[in-house]
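Both complexes shown next keep chain A, but they swap its partner, so chain B is in the first and chain C is in the second.
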Partner chain A sequence: MLDVTFGIPLVVLSDVGQAISLLLIGGGLLWIFIRSLKAKEVDRRVVFLFIFFAVAAPILFPITFQEKATPIVKKLFDKVESLPAGSKVLIAFDFDPAMAPEVQPMANAFTRHCLVKGYKVIFMSLWATGQALLTQTLERVVKGEFPEKQEGVDYINLGYKAGNEGVLNVIVTNFRMMFPTDVNGVPLDSTAVFDGIKSCGDLDLIISVGGGKPGIKEWVLFVGDRVNVPMGAGVAAVVAPQLYPYYPKQLLGLLGGVKGAAEYESELVKHYSRFEHTDTPGLRMMGPQTLAHVVIMAFIVIGNISYFIGRRRERRR
Partner chain B sequence: MRRTTIIAMAVVLGLFILSWILRSASYVTVQEHYLIGGLKVTFSAFLTLAILSFLYKDNPFYKFLGIMLLMRLSRNRGWLARWPLAFIVGTTAGLNFVRYLRSDFMEQVSATFVPLFVDWKGVGYFISHFSLSASGQFVAIVANWVIFLGVICGIIYFFFSKEHKGVFGAASRVGIWVLMITFGASFGYTVMGRISLLVGRITFLFRDWLGWIS
Partner chain C sequence: MKRQIPLIITFLIGTILIFSFFIPPMEKLEQTSTLFFDVIAVFAFFLGGGNLLRVHFNKLRRRKRDWGFSTVTLIGFFVTLAAGLFKIANPGGIAASPTTEGALLQEIFTYVLIPLQSTMYALLAFFVASASYRAFRAKNREATILLVAAFVILLGRTPFGMMLTGWMPDSLSVLQVPNLAIWVMNSPNLAGQRAIMIGIGLGVISMSLRLILGIERTYLGEEGA
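Then we have the complex of A and B:
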């Protein structure tokens, strides 16, 4: 929008913007460093301001980086890629708006990948707030990018069901006991997607996207391990370290935070040219992420230098 | 109009939260009250749903449990609501016990028994095929040794029946390093998560509110 507002070509504006932003951030860090050397205090709000600049600048003037999928992401991508056409894949939207900036890009990427491969996709949510986010994905990705796909034939939305682990404990043996109909009230027996599916054991792959409780852990405990269905997951960064022990035995692959989303998106773009111009929020977010991390690391270094200088001065006294 | 109202509300509440940076506690408090109020409504809705789900079951036993839950509303018969609650808690504990024992204990113990020499075909083969690639043999061997030694040393750190001296003490010190590195990884991921949320908020402000980006 900025280029339209000011009538400046986007490329020029972006480059100039990036240069000015980097100069501001670099200059500011240098100022803080000099201040620290002189043993002068830096207000904590200055630190917050820097983080704001480091995040806001790459959003306004996008900086993108090349992403290469790590083995943990690549294995999940390869599994989705290798299933035969018509496979039944369940994608669970177990998250809320607070987690959405991190995990919704993953959910969208999984949805795109499954639909482009011609799989039958079952959407559901164990979180009440997940249903609204699931609807967003259906509107923007499924209906927006795959208008030829039919509800009930190529995909189905089961919606939200209360009961947490209780829901999983039932659908692991019988889907229809917990979901007699889809979210629109259509009986599951009358849908083509559910032909030959009685329980979770009949699915070819389960992908859980979330980061809270109930979430990936519950899916592994109550479904994945119980019926030996291959499972993959996309998870908010905060809980990713707790789920790594499940890889590679209980989880085929794991997308940890926005980095995982970016890696999956890059694989998707690499394999399918139709997604080259599709929005890739994971990749876009890596610019602000990288710059913010550089600033944080710079603060850690400056803080340590300042600490050691201060200690040396005290010893001299 | 509806969208504009929602965006305006989200902007105001978002800025209220961020006002914490400037130590404007009053605005944060307003937002907190709003959030807690919302949570209370959500929990009430969930409780109602739980009770209704009991009442709508075909099995008369569950209907009975649902009615007993409603007894909470009575001052004299409120104690009756403890029975269905005990049933819910007991069932959840029973279900979780079996699942956790299998997935978080037995499966995890078995996952720790990893080959310490992955695809080992002799020293000559190892040297001639040496690669630092993430999918290479060398990295796989190192990763499995880290898991093996990390678990052993981590457990030793928490073993207090023997004094941490000598080899045992050294292993314990390695254990604390493993724990610290794990906590560091968790912290790093948390930072990434928080930055992602900030990116989400700023994108919302720039795109939906100010219209600076498309």
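Then we have the complex of A and C:
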């Protein structure tokens, strides 16, 4: 990996880049703040420009923060951590490429955690687009980082099945009725992973990653509640508030958005030194997200200042 | 008769599925019915594909406005369909999964669909920022509550929240921004979400009963009774 660009060490370049970016953004916000004192509104194109810089700068010159897992993430991490070796865990990839940047880091972190603990992992998807994203995880994480793991013995890919809740309604009592074979046409009966598994009730943990329908809610209603299997989930940030009613009884833990992914990744790195140099997109994305949040908050403050000053002026007239 | 048959089917299937949920010996019946649903769902794919082709071929033939986009849609449809159906460039051959790494279908997905959908989703950041700037104004009491909640959540979802308020002693840790954000999610949000969910649940039950009993007939193209 290159650590020098045009003779300048990357670390220095990154620090200088960060400083210039923060100065630009901070200076710009200050200028807008001064304008707001004259009750001037900000054009939305200016807001767009600031968001662009706030997101682009930490991508070009990475800014990383230390993350500490919140209880809702820690509980799920601890559950995965505490299962006995050989436990059977199902990970559902119920998302599409739009949500993938936010939730695929979670799916990858769950996969890493389960494989490093020696669990038998069953992958499947209720979304047609989920199967291709699942293939990426299998290629990059499972085969790339755990070459010793064997398909059919340590993990299995059931792929996508049409039918939404209907699929869950069947596998809750009988897997083989809905999935007679895995995605490659290998009968489930001939795989070691499915030894002793008839239905979802025989699993030790189900983790659903997604953010739409069918997704976590359907897994809870049709599977988790019916056969009393422990469940955890990872979701896009916009969906997380809707799933809080299921925590902590029906969902042991919940990862919400990039922050949830970053917290889980930080726990994983803290517990397993082998992941210290593994890509952690959740932690990386916290830089752009943090700066974007700060810019949005600054604009909310500026908007309110100009609103109150404008209102006071109108009253005086 | 045209009306009665769908009503009878709806009544029978609805009743059987309700009973099979509560009576274990009828479990098999429930599974079979669900498989029927899957078969119908597969036909819906054909119907959807057929409809897409009809709409865009018509647009193309009549040179309607933006017919160029229809051409792109049709080319995309046929290329993707062929790539998946004939497993073009699939390293595992015709018997392998269509999404095997290296297969044309997977390449189209990785290098076309993923960047396009991610870009569309990412644009939300710009609109959210602009909307927040315009909407979160403390114009009245309700708007102020919303503004404060949004501020706490925005700050609580970043490390800045802890940096700003992490100095507080343990006895006041509840006032730390990340903990306030958790409280907002766990209390007011939870209460609201539960109320909505219970409301939706009751609505679904009543609508299902109306469908099973044949009171609701809008799905047949009729006005509801």
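One rule holds for everything that comes next: the second predicted complex is superposed on the first by the 308 of 317 C-alpha atoms of A that agree within 3 Å, B and C clash if a C-alpha of one lies under 4 Å from a C-alpha of the other, contacts with A are read in each partner's own complex, and residues count from 1 in each chain.
One rule holds in what follows: contacts are C-beta pairs under 8 Å (C-beta built on N, C-alpha and C of every residue); 3 or more make two chains touch, one makes a residue touch a chain.
The model shown is predicted, which means the values in this text are computed figures rather than measured ones.
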item: Chain C versus chain B on the shared chain A, clash or fit after superposition; value: clash
item: Which superposed partner A:T278 touches (first chain B, second chain C, both, neither); value: neither
item: Which superposed partner A:T135 touches (first chain B, second chain C, both, neither); value: second
item: Chain B versus chain C, judged by how many residues of chain A each one touches; value: C
item: Which of chain B and chain C A:L221 touches, first, second, both or neither; value: first
item: First (chain B), second (chain C), both or neither touched by A:Q289; value: both
item: First, second, both or neither for A:L60, with chain B first and chain C second; value: first
item: Touching partner for A:T181 - first (chain B), second (chain C), both, neither; value: neither
item: First, second, both or neither for A:V42, with chain B first and chain C second; value: second
item: Which of chain B and chain C A:S87 touches, first, second, both or neither; value: neither
item: Partner chain in contact with A:T70 - chain B first, chain C second, else both or neither; value: both
item: Doubly contacted chain A residues - partners chain C and chain B; value: 48, 51-52, 55, 70-71, 98, 100-101, 162-163, 166, 169, 237, 240-242, 245, 257, 259, 289, 292-293, 296
item: Chain A residues touching chain C - in the complex, by the definition given at the top; value: 42, 44, 47-48, 50-52, 55, 65-68, 70-72, 96-101, 129, 131-132, 134-136, 139, 157, 159, 161-164, 166-167, 169-170, 173-174, 177-178, 183-185, 237, 240-242, 244-245, 257, 259, 286, 289-290, 292-297, 299-300, 302-304, 307-308
item: Residue ranges of chain C in contact with chain A within the complex; value: 27, 30-31, 34-35, 37-38, 41-42, 45, 92, 95-97, 99-101, 105-106, 109-110, 113-114, 116-118, 120-122, 125-126, 128-130, 132-134, 136-139, 147, 150-151, 154-155, 157-160, 162, 178, 182, 185-186, 189-190, 193-194, 197
item: In the complex with chain B, residue positions of chain A that touch it; value: 1-2, 45, 48, 51-52, 55-56, 59-60, 70-71, 98, 100-102, 128, 162-163, 165-166, 169, 220-222, 225-226, 236-238, 240-242, 245, 249-250, 256-259, 285, 288-289, 292-293, 296
item: Parts of chain B lying in touch with chain A, wherever the complex brings them together; value: 21-22, 42, 46, 49-50, 53, 92, 95-96, 99-100, 102-104, 107-108, 110-111, 134-135, 182, 185-186, 189-193, 195-203, 206, 211-214
